[in-house]
Amino acid sequence: MDAVTEAFRLIIALDADLFEILWLSIRVSVIALAISAVISLPLGTWLAITEFPGRKFCILLLNALMGMPPVVVGLMVYLLLSRSGPLGWLGLLYTPTAMIIAQVVLITPIIAALSNQVIENLHQEYSDTFYSMGVTGRRAVVAYLVDARYALTTCILAGFGRAIAEVGAVIIVGGNIDHLTRVMTTAIALETSKGNLSLALSLGTVLLALSLLVNSLVIGVREYAAKRQYA
Amino acid sequence: MNTLRSANMPNPLLPIRISNLRLIKGDRAVLAGVNLMIDEPGITVFMGPNGAGKTLLLRCLHGLINPDQGQITLGDLTVADSRDQQAMVFQHPVLLRRTALQNLAFAAPGIARSEPQRLIEALESVHLADRADQPARMLSGGEQQRLALARALLSKPALLLLDEATASLDPASVQVIEALVKAQSTQGTKVILVSHDQGQARRLADDVVFISAGQAAERSPANQFFIAPQTPAAKAYLAGELLL
Amino acid sequence: MKPFLVFVVLAFSAHTQADTIIVQSTTSTQNSGLYDYLLPILKKDTGIQANIVAVGTGQAINNARRCDGDLLLVHARSAEETFVADGYGEYRRDLMYNDFVIVGPKADPANVAGARDVTDALQRIRQAGAKFASRGDDSGTHKKERSLWQEAAIDPVAGSGQWYLETGSGMGATLNTGVGLGAYVLTDRATWMSFANKQDSTILFEGAPPLFNQYGVIPVSAAKCPNVNREAAETFARWLLSETGQAAIAAYQVDGKQLFFPNANDRLNSSIELK
């Protein structure tokens, strides 16, 4: 209960550090989500509706990548962006951009695999009709994405949840630098390591409140959709 | 897009020739060498007991199923090459999760761009003009099937296939659909429909193909078929005795 | 898609600014709040923005070997000297010191408080079968701890998972584990003093010469790492070693107690008497 009180105190006091960290968390995860969605939704859809040798393997791979530990993703992106790595010349390590890249790598398989399942279900319903209407290729992908838009919110939400709650990858590639790459989760990790457990817990409560807010928004959207038989 | 056809213009997809068409499912030949030629315009009704292969044959014509053996030609064309001149209405209409009007616009983006008025007319033709902005899947079953028919007709197909399209619909919708199908056929569209409804077949059919045990058992003009079917199987079917 | 990516890259790329450096650092200097105190003064004096990546000393040195830092601030002298000898560091200077302490439950089941010296203290822990939580992460503190076990002629790894618990984590996480299990822990004094989750644990052994903890500062070599911000790193290092920087380090206190003792100019720092 102390943590909740403390969380409210921080929010009400408009604690500048808290808002800076919270805002960076949101910014990084939302941008990562936007980039990832642009890649993963068409990819998941295309895999659901296109027959080619190796398709099953691709889907299997996506599902396996869903379980990839964030630390491993962080390590891979770190080695890539390290000044002695292949992309070192970009100078991106220990920047929010590096964190965005890591989160994109982390959540793209998740959104792609989940959306693949959603679209596969829709494809069973639509395939004959689309075939009959001659809807194929890019036009079909777009149509599936538009028609599954409300069902896909769940997939996107899963990606956002993973991104905003994840600490292992962003702490490696971001470095948890104060006022530069410190986000909610790395701040929680830091406060925990300083033994400030109640502060860490209240930061966690703020993160939980954010998650509640986002989830209720999505539930609202889905209820609207269900009323119109769009879900 | 096709140009408007009239009854006296030759239909490019006629004659339809089906020769020795075989389709195996498991160890059963569900289509066991269908031979059939349809050269007349108008409305052909596929009749026959459940499981005889009517729907499968229709799906082969549309290219939804590739047969294991045999050949189909429509005019000079293969199934694949004729597909953009075909349209099909399924037993259960599948409408997109959009409004009624948007469903039509999606099916015919060219028309939606250049002649949007035609979409409204299409809705009017199935008495759905006042439902244009309703979510399509909120419509009743009959309304949904009417919308599906309007959608199928947007491309002015040379061949219209209907797979038990009016089964279990409200009488008003059945009437609207039958009238529109009939009007379409008089404008030159070849119509093939699968139906279990003898009343509907009597009302619409110019000729009947009786399908039994995976074969086209009989093809007769409609008036002759209902009065004097030539095969014992058709006789039994019409008498309501043949179930499978 | 591409313009968007470029936008993202530009919007967040803070790296190339001339007055910004990355410091690969040990955790104790961050967890104790030293940087929060020092960096604003540094910024005012030199205009340099130092971005601190606080990881264990071992990881900090490895990151710097991959050129992912402009300056190294750690506490493991021999590893630091190897780093410089391998050409990755321009030079190494003593910066400041404090000391390690052994903390444990107030009840002190191994009676560490009564030990004559560090070796005795560790032997008491082993003989009492008491639990000991180790960093196990190749950090400066971990290196020190291993050398102390060696001097005590005990191979703790043989009891790993039984009485010797290697957390493989930072100092803070290891203290949380130790406090939670009532285990003994070797920690630097600064981290312990600013650690907020002490619960029933307290300092039981301190003040022995082997517990001396020297911090060093090393600018990363521009020859090995051409991307390094050599100039700003040098400015920062000089500032830390200057009278101003040293005075600032000495002035930092937690609960009225000084945590770090500057000794950049002391040639005899290894023989300094601890309080």
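Which chain is which? They are A, B and C, in the order written, and residues in each are numbered from 1.
Simple rule for what comes next: contacts are C-beta pairs under 8 Å (C-beta built on N, C-alpha and C of every residue); 3 or more make two chains touch, one makes a residue touch a chain.
Everything numeric in this text was worked out from a predicted model, so none of it was measured.
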Checklist outcome for this item: Joint neighbours (chain A and chain B) are none
Next on the checklist: Quick check on this structure: which chain has its C-alpha centroid closest to the centroid of all protein C-alpha atoms?
Outcome noted: A
Checklist entry - By mean C-alpha coordinates, which chain is most distant from chain B? => result C
Item to check | Whole-Å gap between the CA centroids of chain A and chain B | outcome: 46
Next on the checklist: With centres defined as the mean C-alpha position, give me the chain A-chain C separation in Å.
Outcome noted: 34
Item to check | Interchain centroid distance [CA atoms averaged], chain B/chain C, Å | outcome: 80
Next on the checklist: Can you tell me which positions in chain B touch chain A when the two form their complex?
Outcome noted: 62-64, 83-84, 86-88, 90, 94, 96-98, 106-107, 135, 137-138, 151-152
Checklist outcome for this item: So, in the complex, the side of chain C touching chain A is made of residues 1, 4-5, 8-9, 11-16, 22, 27, 30-31, 35-36, 51-54, 63, 66-68, 170-173, 175-176, 179, 194-198, 225, 227-228
Item to check | Of chain A, residues touching chain B in the complex | outcome: 125-126, 128-129, 131-134, 143, 146-150, 228-231
Next on the checklist: Show me the residue ranges of chain A that touch chain C in the complex, using the header's touch definition.
Outcome noted: 31, 35, 38, 82-85, 88-97, 100, 175-178, 180-181, 190, 192-197
